[in-house]
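One structure coming up, written as structure tokens, with questions to follow.
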Amino acid sequence: MLRLDLPSDPRVNRVARLRAIIIAAMLSVSGLGKRFGKRWIFRRIEFCLTPGQVLVVTGPNGSGKSTLLRILAGLEPPTGGEVDASGAVGYVSPELALYAQLTGSEHLKLASKLRRGSQGCDPVGALGKVGLDSAGGLRVGAYSTGMKARLRLALAVCHRPGVLLLDEASASLDEEGKSLVERTIAEQRGSGVVVLATNDPSERRYGDFELRLGG
Amino acid sequence: MSLGWGAEVAAVVRKEFRVELRGRVGLYSTLVFAVGAVTALGLASVRGEPSPSLAAGLLWVAMLFACVVGLARTFLAEEEQGTGDLLRLIANPGPVFWGKAIFNFLLIVAVAGLVVPLFVLFVRVQVADVGLLVCGTLCGCAGLAAVLSMCGALASRATGRGLLTGVISLPLLLPVLAAGITALRGAFGDSVSESWGAVASLAGMAAAFFAIGPYLYAAVWKQ
Amino acid sequence: MIYRIFLLLAGIGVTGLYVWAPGAKGFPQEESAKILFFHVPPAMLCPLFYLWGAVMSIRYLRTKDPRFDVRAVAAIEVGTLLCVLATLTGMVFARVQWGAFWEWDPRQTSIFIQLLIYAAYFALRYSFSNQERSRAYSAAYAIFAFPTVPFLIFALPRMVTFTLHGGANQAVVGGGLDPTYRSIFYTTLVVILLCFAWAYSLRVREGEEWLAKEESDGLATGGSDTADPGVVRPVRLRDDG
């Protein structure tokens, strides 16, 4: 699953190659499992992504796609295993609530003030990129579902994360919004990795790898 | 680095004020409860003023009533709206805790600024020692803010969080109230030597709660 | 087994001492004041168990190892049991000595507040649907609540001038007991400590068995019928482009 331009010199032994992979990896996951009560949602998930790679996570409802992404985002602890993400993380999910009383640009300003260890964010540019430039001064309470989805995308990418996690990112988006997601993924390939969880079979085309859960 | 930390705390405080001022629910309910509680106490003391000890107790009960209803909300509202995840994604626990605790403290002081003069006016108690009244009230407010912030944070992700905040904060507030009552008894004219000691222990308790609060909040931040 | 026999004998011995001891001097009712052998030790040991509970909670939050959580709960349960015992024996004591079960004496008040604070611990603990979260949040509460213990023991009773415990404070804390009395008192204290340490160890063992059972249940129901589902890896979707 890994394609690295490692020297094919026979003197570079296996351990050294593995070490090179681990250093180059932006997101590596080993032995990851999550259990709710007595039921294991998933167990022993292993993968390792290097910059430029896109992983698509598929599986039926309840197979743990969203839970996996929440764990990768650090929002929930796994029952077992390890996640190692180098660099900042951006996360998009339809379940991620926004402050109804704050405006779109206030969200981005707040995020840029509170985030550490990442490049600064330009709220105006980020809003323009997702097509919300005219709605930046509007309170999110007045946003439509699709506008909120766009704002979530802006919040996730404006600090240029190394790891971008998209959970059903194009759900409730119009055609233009869907192509926005596609552009975002293509752009992210240039600087980091993407993990995309989806129920839409056509979105498998974005990925280099597919992780099937619950099968 | 420390400057950056201060800016983060300030950003959280500003965000809390914006959300609360634009939402208004918490502020209005606090206002109504505060004025309502003092009015009820005023009605109870139409004939004759209460003893200093009773007056001190009544004042803290009024404060408690106003604060528990409206102000433990900052952490709860976050989880009720579902914005807790957003905050966990973009922020660090330390600045979030301090920002919310400072916001709570400022609001409780504002409530005290309304309740205490109103109480003195309505219940007609004699203030013998203004300095003691101010210091005792401020230190008591700090204790209230520390306990309510932490308990709100601990209850915020449980089922029945609103009720639970009351259940877990009330017993912890009893020692704070006991010290607060002792402090204000002196302010209302009881000649007790322990009042300043009580102010000191209020300050000590608030300091202890504030000192461990951020660490505990950080420990449960991503659970 | 040997430990249990020892505890049984020690218990009988302490009861004998209790019967044999003379009435406590300095109390209105000297003979019945002997209940202090069973009233004061729980009150003295209860903070010790709460301290242990806070220490174990700190270790749980540091390591997230559920065995520390088991110890924290066990210690707080035993501490709360001691707190209840101190309150109840105190009420009986108060009825005989002062004429009423409840007097709002500072020490009565502070132990009652203590009881409420730790009752809230259990209220918090059982309000989470997620087990790890329940453990972590109740551990945080146990640590947060602990500073009230020294405050309630040392500061609050001194803040109030009125107290009925004056004689007892003088007698027990101030070392005013006569030598025979003192040795009986400390023997009883040690035996009661051993009894409750035993209760604590039983509770810890039960908790650890439960953890082990949960662990094996988790392994047994690992997704499919096979106990070991194997490693889940992604597959390549396309050839290199």
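Order of writing sets the chain letters: A, B and C. Residues in each chain are counted from 1.
Here is the rule we go by: contacts are C-beta pairs under 8 Å (C-beta built on N, C-alpha and C of every residue); 3 or more make two chains touch, one makes a residue touch a chain.
Quick caveat, the model's predicted, so the values are computed rather than measured.
S.K.: Looking at mean CA positions, which chain is nearest the middle of everything shown?
M.R.: Checking distances from each chain centre to the full centroid gives B.
S.K.: Of all chains present, which has the mean Cα position farthest from that of chain C?
M.R.: A
S.K.: Please tell me the distance, in whole Å, between the geometric centres of chain A and chain B computed from their C-alpha atoms.
M.R.: Chain centroid spacing, chain A to chain B, equals 39 Å.
S.K.: Per the centroid of Cα atoms for each chain, what is the distance between chain A and chain C, given in Å?
M.R.: 46
S.K.: If you average the Cα atoms of chain B and of chain C to get two centres, how far apart are those centres in Å?
M.R.: That pair's centroid distance is 29 Å.
S.K.: Among all residues of chain B, which ones touch two or more of the remaining chains?
M.R.: Counting only residues that touch two or more other chains, chain B contributes 223.
S.K.: Which parts of chain C, given as residue numbers and ranges, touch two or more other chains?
M.R.: 132
S.K.: Two or more other chains touching the same residue: where does that happen in chain A?
M.R.: Chain A, residues with two or more chain partners: 77.
S.K.: Can you name the residues of chain B that touch chain A in the complex?
M.R.: 4, 7-8, 11-12, 15, 18-19, 22-23, 81-83, 85-86, 88-92, 95, 222-223
S.K.: Could you list, by residue number, the parts of chain A that touch chain B in their complex?
M.R.: It comes out as residues 73-77, 89, 91, 95-102, 106, 110-111, 113-116, 139, 155.
S.K.: For chain C, which residues count as touching chain A in their complex?
M.R.: Touching chain A from chain C are residues 64, 131-132, 214, 217-218, 221-223, 229-238, 240.
S.K.: Quick one: which bits of chain C touch chain B in the complex? Just the residue numbers, please.
M.R.: Those in contact with chain B are residues 61, 109, 113, 116-117, 119-121, 123-124, 127-129, 132-133, 136-137, 139-141, 143-145, 147-148, 151-152, 155-156, 158-161.
S.K.: How about chain A: which of its residues touch chain C in the complex?
M.R.: 1, 3, 35, 37-40, 42-47, 55-56, 77, 204, 207-213
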